[in-house]
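Each of the two complexes below includes subunit A, the first together with subunit B, the second together with subunit C.
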Partner chain A sequence: MIRADDLRKVYRVNVKKTGLKGAFENLFRSEWIEKNAVDGISFHMKEGGALACIGENGAGKSTLIKMMIGILTPTAGDVRVFGQNPREGGRKYLREIGVVFGQKSNLWTDIPVIESYQAVKTLYRLDERQFRQNFDKITQLLSLEQILPVPARKLSLGQRMRADIGMVFLHGPRLLFLDEPTIGLDINVKHTIRTFLRKMNQEEGTGIFLTSHDLDDIDEICDDTIVLSKGKLIYDGTLENLKHRFVRDRMIQVVGEKSGDIHALLPGASVTKEGRITKIVYPIGEYTSAQVLEAVSRCFNIEDITIQEPDIDDVVSRIFGGEERV
Partner chain B sequence: MRTFFKLTSISIQGQLYYKTSFFINLLTPIVLLAGQYLLWTALYAEAGSEVIGGMAREEMYAYILISFALGNLIGWSGENMLAREIRSGTVVARCVRPAAFLVQSVAEMSGVILIQGVVNLAIVLTGFLCFGRYLIMPSVPAAGWFIPCLFLAVMLRIMLIDVFSLLCFFTTGYLGLAWTRNALFEFFSGAMIPVVMFPEWLRTFAYATPFPYMLQVPSALLLGQELPVSIPMIFVVQGAWLIVFMFLHGGIYGLARRNMTIAGG
Partner chain C sequence: MLAIIKIFLKMKEQYIKTEMEYTANFWMMLLSGVVTRIVSMAAPFVIYSNIPDIAGWKRDEIYLIMSFLFIAEGLCSVLFQGIWEMPGMVFHGRFDCILSRPVSPLFQVLSYGMGLQGISVFLTGAVCLPLFLGRLELLSVRSAFMSLFYIVCGTVLCMSIYLLGNSVVFWFDAGGKTALPFTMSSIGQYARYPLALYPKAVRILLLFLIPYGFICVVPVEILRGSVSFLWCVLPAVVSLGFFLLARAVFYRGIRHYESMGM
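So, the complex of A and B:
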């Protein structure tokens, strides 16, 4: 579905001198530097897959999306989507994909949302049956009924994003590019959008390429991940593998009275107690889950026990915090 | 064409949605018309003559009316829609719609022009009906030539705005660009002073630019005034400038796509 080979994008950036003297000098002399926004990236995304792109600010995520949707020309390398160059795909290609930039709306701002949807019907040459089928499904799943008569300018951020996501599905895209779709949204709207996207991916087979700083988005929607840092690809694989490769500790949470000394059995673990809940964080290199569970069962009258899954936030903060080398 | 008409209709709907803003935008240019009328009335009185720079008073009043109608087809807000979108980054939505970028710009501005055009036509007709005896009247054959000339003049104006707006991909100074475009248009198109009143060297220079073909030439054609070239040649020149603007559009948009940092770099 998507294949990128040694993809590069170099931006020319004007460097301004500082200070009053520098400000005057800038008027007559320009200094330019080349910035590698995307630096030799190669990856592959399968048909109907859901691929997350993780990276800190300025890592090259948006640039990568813009090259894949064909509005930005790569400096070097090659990108193919559905086997074709997005730059050469023209309108036919644009009718097969959908794009949502979280901070920029695709809706026409001064007309009711329903009118924007009607425009999509014309622009994407949808017949009435096809349009109605998608429209009804989207309206129901994203609870859009109330906001359809309202101009986009008057919508709240959450409403606007639901309307934007709905609009992009009207033409039934084969592949969807989402650039931080849940930025600034409250938890309910995030949940609605994630559930909807996951459903469209799993049930309709719509491919999803997602960038987000909200790692819960990635956890709930995607199976595979690429990680970018300073324009370079530093990880390409499954989300599960990413988690397990970089997780050093795991946590068990126990509810129940203590009946023995857990420190004596697990001296390498850190134990904290909050009321009747005890949290045991143990290094996975030192103890197996079986050893920990046995120790816990000997030291507690267990009422409830939870094994915490590795948290993607921790993994990513380690990668970008320089703790880990990939 | 369905796409074009749909986008034009969206543009019209967008303008009509906010009533107060719509009426203010529509009617304020009339102040400019009144200003032009008073200015030239004062100049004719000061000159103590019925002719200034080869233009009789009734010719001038008719010219003011027609040039007002052509010059104010697109207001400040309509002119700067694309520029604002580029500066805010929302232009990315246009880039990913399955319609040519230029078609979207032309359709959007056509919507603006259609609404203002109807109002301006009403003002012109009212002007000729109420004050016809103070104005020279267009002939029927001139009106026949005027219609295609007007169409090309409007297209040229749209392309001028489009090309200047695209320059906003490369600079943050969109107001400066807009004022430059307006200054060039107002002066060289004959909106402020008819080009025929320019000194010869400046008139020759003005006619070498596309601006008079957006306003002065169609107005002069309608009113049977002096033309810089023959009537068929007017269409050729307008067509040629349209092609130049289309090349400029393609070139500038192509360059923008090499360094597009909107919606994140």
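So, the complex of A and C:
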């Protein structure tokens, strides 16, 4: 469905001098530097797949998306969507995809949401039956009834995002590009949107390519992940794998009275006690879970015990903090 | 083509509905359109109350020139206000949305938004035109058709000038504003007086560089029969030429935008 091959995008960036004197000099002469926004990326996404692209700010995610939509021309390399170059696909290609930029709205600001939907119907020349069918499904799944008569500028961020995502499904796209669709949203809205996208992906077979900072998005919507850092691809594989590669510590939480010295048994672990709860954080390489459980059962009168899943935010900060190649 | 016009009008209908939601603002904008244009008609009134005739032009002929200008400006603002929103769209990245829809970008820009003031500017012109044609004893079926034809040419020309000026945003962005189109339109305002008053350089400027002359002065020259046949077709030729030029520059600009990735 999507195949990128050694894709590159170099921007020429105008360097501005600072201060009033500098500003004056800029009027007559400006300096340019080259910036590699996307630096030799290759990946593949299968038909009807859901691929997430993680990366810190400025990692080149948006540039990558824009090249796949056909808004930007790659400096070098090749990208193919549905087997063709997006720059050459023209309107026929644009009819088959849908695009949501989380920070910009596709809705017409001043008119009610329903009127924006009508405008899309006219612009995409959808027939009544097709429009109705998609419209009813979207309205129901994203619970849009109440916000349809409201002008887009009066919507809260969450409502706007729901309306925006609904709008992009009106023409029944085969492939959807979402650039940070859940940025700044509260947990309920995030959940609604994620469930909706997952459903559309699995039931309708709509391909999804999304970028995000939020690993939960990826967890709930996508199976495969690529990680970008400073324009380079540093990981390509499943999310499960990614977690395991980057998680070095695991945590066990025990409720109960202490009866022995846990330090002596697990010298490599750090132990903190908060009232009746004890948290034991241990490096995965040093101890197996079985060893830790055995030590815990010897030192505690266990009332309750939980093994924490690797924390996903932790993984992210480790990936970008470490800058290490996977 | 018919379908495109239908969509276009449908979009405009949306915008006028929006504007009507703000009742007070709606009436204020309409009023201000009429008032500013009537005030601008006061200058010739004052001048002509002291001097009977300037370079062979009577007061009502000056008003006729202004009527043509008002109609073209008014229609442009009502129909093609989106051109002025373009620098903002590019600056705030909304242009990406336009490029990701399977519809001509030029069409999307033109159909975006609606200038309210344009309605009353147009109406002022539309009332003045037959009024002064009548006072100059030029009112006939023939002159009515000619006026309509030159109004169409003038509106297309006015739109092309705006488009050309605003397309500069693709190369030189200045925080979502560009000074060029404003400069062009304020220089163009000088075309509301007979070109005979100006030195040759200014005449060439107003006819071929910023061709406001063809929107208003030239049609009146034609109607009063003071020019040769060649001039009668020139407005159509110039507006078509400028439209093609503006369109080419606009699409060139988009290509530049696509390679820069602003």
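One rule holds in what follows: the second predicted complex is superposed on the first by the 322 of 326 C-alpha atoms of A that agree within 3 Å, B and C clash if a C-alpha of one lies under 4 Å from a C-alpha of the other, contacts with A are read in each partner's own complex, and residues count from 1 in each chain.
In this section, a residue touches a chain if its C-beta (ideal position, glycine included) is under 8 Å from a C-beta of that chain, and two chains touch if they have at least 3 such contacts.
Keep in mind that what you see is a predicted model, and the values were worked out from it rather than measured.
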{"item": "Subunit A as common anchor, with subunit B and subunit C clashing or fitting", "value": "clash"}
{"item": "Partner chain(s) touched by A:Asn188 [first = subunit B, second = subunit C, both, neither]", "value": "neither"}
{"item": "Contacts of A:Arg95 with subunit B and subunit C, given as first, second, both or neither", "value": "both"}
{"item": "First (subunit B), second (subunit C), both or neither touched by A:Lys61", "value": "first"}
{"item": "Touched partner set for A:Thr18, first subunit B, second subunit C, both or neither", "value": "neither"}
{"item": "Partner chain in contact with A:Gln146 - subunit B first, subunit C second, else both or neither", "value": "neither"}
{"item": "Common interface positions of subunit A, toward subunit B and toward subunit C", "value": "11-12, 37, 63, 66, 69, 71-73, 91-92, 94-95, 97, 99, 101, 103-104, 106, 108, 110-111, 115, 119, 122-124, 151"}
{"item": "Touch list for subunit C against partner subunit A, complex", "value": "3, 7, 10-11, 14-15, 17-18, 21, 92-94, 96-97, 99-103, 258-261"}
{"item": "Subunit B contact footprint on subunit A (complex, rising order)", "value": "11-12, 35, 37, 58, 61-63, 66, 69, 71-73, 91-92, 94-95, 97, 99, 101, 103-111, 115, 118-119, 122-124, 151, 179"}
{"item": "Interface residues, subunit B side, partner subunit A - complex", "value": "2-3, 6-7, 10, 13-15, 17-18, 89-90, 92-93, 95-100, 257-265"}
{"item": "Complex contacts: residues of subunit A adjacent to subunit C", "value": "9, 11-12, 37, 63, 66, 69-73, 91-95, 97, 99, 101, 103-104, 106, 108, 110-111, 115, 119, 122-125, 151"}
